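You will see two complexes here that share chain A, one where it goes with chain B and one where it goes with chain C.
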Partner chain A sequence: MKARHHENFITHVLPFILIGVIALVPLLTRDPYLMHILVLGGIYVILAIGMNIITGYCGQINLGMAGFFAVGAYTSALLTTRLSLSFWLALPTSALVAGVAGVLVGVPALKVRGGVYLVLITTSFAGIVQVILNQWVSLTKGPMGIVGIPAPAIGNVLIYERIHWFYLTYAIVAVIVFLAIRLVGSRIGRSFVALRESETSAQSIGISPAFYKVLAFVCSAVLAGIAGSIYAHYMTTISPDAFGFNLSVLALIMIVVGGIGSIPGSIVGGVALALFPEWLRALGPYQSVAYAAGIILAVVFLPKGLLMMGVDAVQLIRKWFLAPDETSEKEVS
Partner chain B sequence: MLRVQNLTKRFGGLVAVDNIDLHVREGEIRGLIGPNGSGKTTFFNLISGFDRATSGKIEFMGSDITAGSAHGLARKGIARTFQHIDLFKGMTVLENVTAAAQCHARPRFWSSLLGTPSVRKEDQALRNLAMEQLEFVGIADHADDLASSLPYGLQRIVEITRALATRPALLLLDEPAAGMNPTEKQDLVELVRRINASGVTVIIIEHDMRLVMGLAETITVLDSGSKICEGLPAEVQGNPRVIESYLGSGGVGKKQTHAYAAEPSGALDVSGASQNPAAKGQDSFILSVDSLNSYYGNVRVLKDISFKMREGEFTALIGANGAGKTTLLRTISGMMSPRSGRVLYKGEDITGLSSDRIVARNLIYVPEGRGVFPALSVQENLMMGAFRRSDKEAIKEDLEYVFGLFPRLKDRRNQKGGSLSGGEQQMLAIGRAVMSRPRLLLLDEPSMGLAPKLVDEVLETVMNLHDEGLTILLVEQNARAALSVAERGFVLEVGSLVHEGPAAQLCDDPAVKAAYLGG
Partner chain C sequence: MIIQLIISGLAIGSVYSLVALAHSLIWSGVRAVNFAQGEVFMAAAFVALTALSGAGRLPALPFGAAVLVGVVAASLIGLVIYNVAIRTTSKKGFLYALGACIGFSTLLQSSAILIWGSTGEQFPAQISMVPLRVGSIFIAPQDLFIMGISLTAMIILYFFLSKTRLGTAMRAAAQNREVAGLMGISHRLTDSLTFMVASCLAGLAGILLAPKFFVTPQMGSMISSKGFTAAVLGGFGSIPGAVLGGLLLGVLENISAGLISSSYKDAISFLIMVLIIMFKPEGLLGVKGGRKA
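Take a look at the complex of A and B:
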């Protein structure tokens, strides 16, 4: 019973505590540079949650997140610059278009067995997207990219200051986290995990692998699309080179570092990977070496991810201080 | 309710299921038996949609399901379990069963996302349904346990519960009793009867003859993909073809009494280390285990285990699931390190040595589940056993020796390891171990999942190896068979050695009898 409460806390309460803590940062400092990093962190969190749904929960390795992210970013950028659509219409539209891309990737992905082929399919998808962005100059302006992507407005207030973006991003993150927790806790989430644990057994109890795998692809693509749309409007300028293979790998690292199959872990992973390179900036030319080494160390020594390591540490400390209490409880159960 | 007509399944040139007709009445318990590799599991795969038939027709409750998908058939009312336990390991027991309980529920994406009251009510109903199933089966206490943390026998029960939660009309059980001890088997029989009484038709594949004969009204026997016999248990048991292909004529037990009769009666006493107070000192023991303690995380699996084995001795280690038998073997063979205690091998302390160094000392462990390399050929598998050796001529000789022990392997020397039947894989695993020229052989459950005839064959080979001077430590769930071939026996109970003595004496010990031999 106790374990269940504990579980409940981690899945339902902890994510909002984490977002709450981040939202309080401006009370301490409004340093624009830190705000910038945290906005990127928020965008990463959305990306990480999407990645976690397909890879962490459903067990389908996806190295094409950059592709879905790019589809979202360009859809939003084109709709607002060419058709002068409002951000508030462009955002859901980019989610929708990215979702359609999710179906396009998910359906062929069903045909292959084994993670290696899935890696090939998803990487190729992201590669194709990048080629299209570079080559279809009449639509995307090619390598030049799209500039002057307008700022969103809430009523009469234009969102262009860092601090405004900060609040807007984390408000969206909070909504997404809320929905994602619902999703992974639902029968759909359970079906995802069942497929990850054993596709054979999942089939034997009536779970359709095709339906749920495509659904998981669509969910993760939609989230990447939303993240892309926010990114485009926040940066105001986008070009194809921002959506390379690195970004897809980054999304994978986020969930590995934060915690695979965990929504609060996605929050930790997303923000950590935005902050981490900045902390290393002082190292100058050694920055990227230290960054790579840090990632390797995290993957090797934190198999459960940063978040669960923190949770374990807290439990350990509690055990030390509450030792007699804890043991007596254990004996009762 | 189930009508199978002329069902055939070919894998390349191999005919796995050959023109089978089968008729199962509603409410029946049907037994399906046959040697390993006779096509029983393939037959289940065809009925449950995991494999597509090459030709023939399957009709279930009046509709043609020959081309049905696995998940679709689950929703139509065909549930199954797997020969090798296949639970959702990272989920709790309740989650495992709830995942199955939602079989007939629609996904309801948007409602789930918004958490509407109606979907919440439905979710609660699904959980209640799962809970009811757990209570029906009698494992509600374990609802919040992680599926992978349960002992083997219980995992099998969870798998059956999960299948039940889809509310099937037809339940296919694939060797549900494999790896269970007699008490657990008795509970299983009760459970299957209760499931059947609740209106579920059952088809059960099982090698335990007593169990399947006691449960099923009608038994169908397959051999090499064909139905060779069908009838009442007594009829089937007396059928000469069934005896020849499956049940085997004698059984090791009989040969054993024969073997013992040939030995001088004093031999047993000499072999019992406990009755021979360290007269020759430690050096004469090939293996001596000294207050060994092993843990999995915080769970103490082995508790102060001490025992000794003489060179050339054949010892059986028996005990219930989760008693720590496999852990003991893994600790001795260096696959895991003990928290405390010592393992001496030929007088040398090998505690905590890595497994490759222990193999180099000719102490060979044949793991449960065989661990055959599926993509390598039989011969390549065997050569892997000689991995550390460079004496080409001798290796060749040994290869012939192994082929002599297991002629079936010679016939299949170029076949892939993964394509062998369970029994052949077991032979291959033992053969591979023999290729490393063992002095001490640790065998973990070699009889698991094997047809009675093959169990005899495998154990007979083990006896032959022993006759040639090999020291053997045999771990078995099948306590009766193990004690009938070994000289000495140990009984392990929740991590402690509780009985020890000559095998024949243990066989007669009322306490051992009650707990492990099933009366």
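Take a look at the complex of A and C:
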């Protein structure tokens, strides 16, 4: 009984506590640079949740997140600069277009068995997107990128200050976290997990692998598209360089570091990977070497991710300090 | 015109073959994928370049010795990658192996930037770049050299695998891991060896291609995707398939770049990969069933 309670806390309450803690940061400091890193962290969180739905929950490794992110960013940028649409219309449209891209990748990915080919097919998708962004100059302006992407407005207030972006991003993150928790706890989310554990047994209880796998691709693509749209408007300038293979890799590392198959883990992973390079800034030229070494160490030594390691540590401390009778009661249940 | 394109395609294709061979060896022997292969390729090119031009108190070495230094460095990197990234994560699942390999590729790339700078260097051409005229077509001696060395490396690999005790052990492990283990073949030994041999091939490919392009820390990511496409095209895990896939990819790429447009050259390789995975996942010479990647 108690274990279930504990699990409920982690999946339903902890994510909002984490977002709440981050939202309190401006009370301590309004340093614009820190705000910038945290806005990027919020965008990463959305990307990490998308990655976790397809890879963590549904077990399909997707190294094409940069492609979906780019589709979202460019859709939003083109709609607002060329057609002067408002951000609030461009955001859902870019989510929609990215979702269609998710179908385009998800359907061929169905034919693939095993992890390696899935990695290759998703990377190829992201690679093709990047070639198109670079070469279709009349639409995307090629390597020059798109500049002057307008800031969103709420009523008459334009959002361009870092602190406003901070609140806007984390408001969207909170909504997405809420929806993602509902999704993974629903029949759909349970079907994803069933498919991950065993496709054959999932099929035997009436779960269609084709439908749910494509659905998982679409969900993650939609989230990546939303993240891309926010990114484009926040940065105001985008170019193909920002959407390379490294970004897809970053999404993978975020969920491995934060915790695979965990929404609060995605929050931890996204924010951690935005902050981690900044902590290493003091190392000067060795920064990126230390960053890479840190990633290898995290993958090899933190199989459950940062979040669950923290939770385990808290539990261990509680076991030491709680009265012995309470501990034994926990063990019985 | 077509023959011209085919010949220069074969030269770059033989380099793709070496990288694809590295993937196929590792997949058939260890059931793993080294996603940092491209960076092994890059590191070998840089090490060979440094050996060739000399650094600090080290004297400049002749080309042959520089190649050897680069290849040995590549094999050592392969050994470290296997023991740190692949062996430790083999029980945790593919996702972790992938993450650790990618960590390694970032590590190698940033180390290269730290050591050699991010701008890249010119690798001095060893063989004349001036094309020879044969009938109506031009052949660069450089291309012939690349093809010759690649072919020699493949022949050496063949004899190593089929005639030596270690090579036989590697093939046994590739055929049936469990039984090979029961026969007293140490997995750790054969797996490490497979990674080292594969990295030698990837490193050699890097050194061969270096004079044709600038040597930069980023050169690995391009070749990495080409190597995968070549391996998939021939049949992932198949040794002859890797050779065929590499040559075919080189030729296809060159012809389409020459006849259609060079700006979408890189997209061709991605497109081939997607089409093969969708319609012929076992590749051209792949083994059907059971061995799918």
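Everything that follows uses one rule, which is that the second predicted complex is superposed on the first by the 326 of 333 C-alpha atoms of A that agree within 3 Å, B and C clash if a C-alpha of one lies under 4 Å from a C-alpha of the other, contacts with A are read in each partner's own complex, and residues count from 1 in each chain.
As a working rule, contacts are C-beta pairs under 8 Å (C-beta built on N, C-alpha and C of every residue); 3 or more make two chains touch, one makes a residue touch a chain.
Just so we're clear, the structure is a prediction, and the values are computed from it rather than from any experiment.
S.K.: Once the shared chain is lined up, is A:Ser186 touching chain B (first), chain C (second), both, or neither of them?
M.R.: The answer is first: A:Ser186 touches chain B but not chain C.
S.K.: Classify the contacts of A:Leu47 with the two partner chains as first (chain B alone), second (chain C alone), both, or neither.
M.R.: A:Leu47: touches no partner chain.
S.K.: If we overlay the two complexes on their shared chain A, which of chain B and chain C does A:Leu18 touch? Say first, second, both or neither.
M.R.: In the superposition, A:Leu18 contacts neither chain B nor chain C.
S.K.: Of the partners chain B and chain C, which touch A:Val97 in the superposed model: first, second, both, neither?
M.R.: Neither partner.
S.K.: One more residue to check, A:Ala194. First (chain B), second (chain C), both or neither?
M.R.: first
S.K.: Tell me the contact category for A:Leu215 with respect to chain B and chain C: first, second, both or neither.
M.R.: It touches chain B, and chain C stays clear.
S.K.: For A:Val311, decide between first (touching chain B), second (touching chain C), both and neither.
M.R.: A:Val311: touches no partner chain.
S.K.: When the two structures are laid over each other on chain A, which of chain B and chain C touches more residues of chain A?
M.R.: Touched residues of chain A are more numerous for C.
S.K.: Return the residues of chain A at which the contacts from chain B and from chain C coincide.
M.R.: none
S.K.: Within their complex, state which residues of chain A touch chain B.
M.R.: 1, 3-4, 179, 182-183, 186-188, 190-191, 193-194, 196-198, 200-209, 211, 215, 261
S.K.: Would you mind writing out the residues of chain B in touch with chain A in their complex?
M.R.: So the residues of chain B touching chain A come out as 48-50, 69-72, 74-75, 79-80, 82, 86-91, 95, 98-100, 102-105, 107-109, 112-115, 119, 123, 126, 144, 162-163, 165-166.
S.K.: Quick check on the complex: what are the chain A residues that touch chain C?
M.R.: Per the stated touch rule, the residues are 55, 61, 63, 108, 111-117, 119-121, 123-125, 127-128, 131-132, 135, 245, 249, 252-253, 256, 260, 285-286, 288-289, 291-293, 295-296, 299-300, 303.
S.K.: If we count contacts the way the header does, which residues on chain C are in touch with chain A in the complex?
M.R.: Counting only chain C, the residues touching chain A are 27, 33, 35, 84-85, 88-89, 92, 94-96, 98-100, 102-104, 106-107, 109-111, 113-114, 221, 225, 228, 232, 236, 263-264, 266-267, 270-271, 273-274, 277-278, 281, 292-293.
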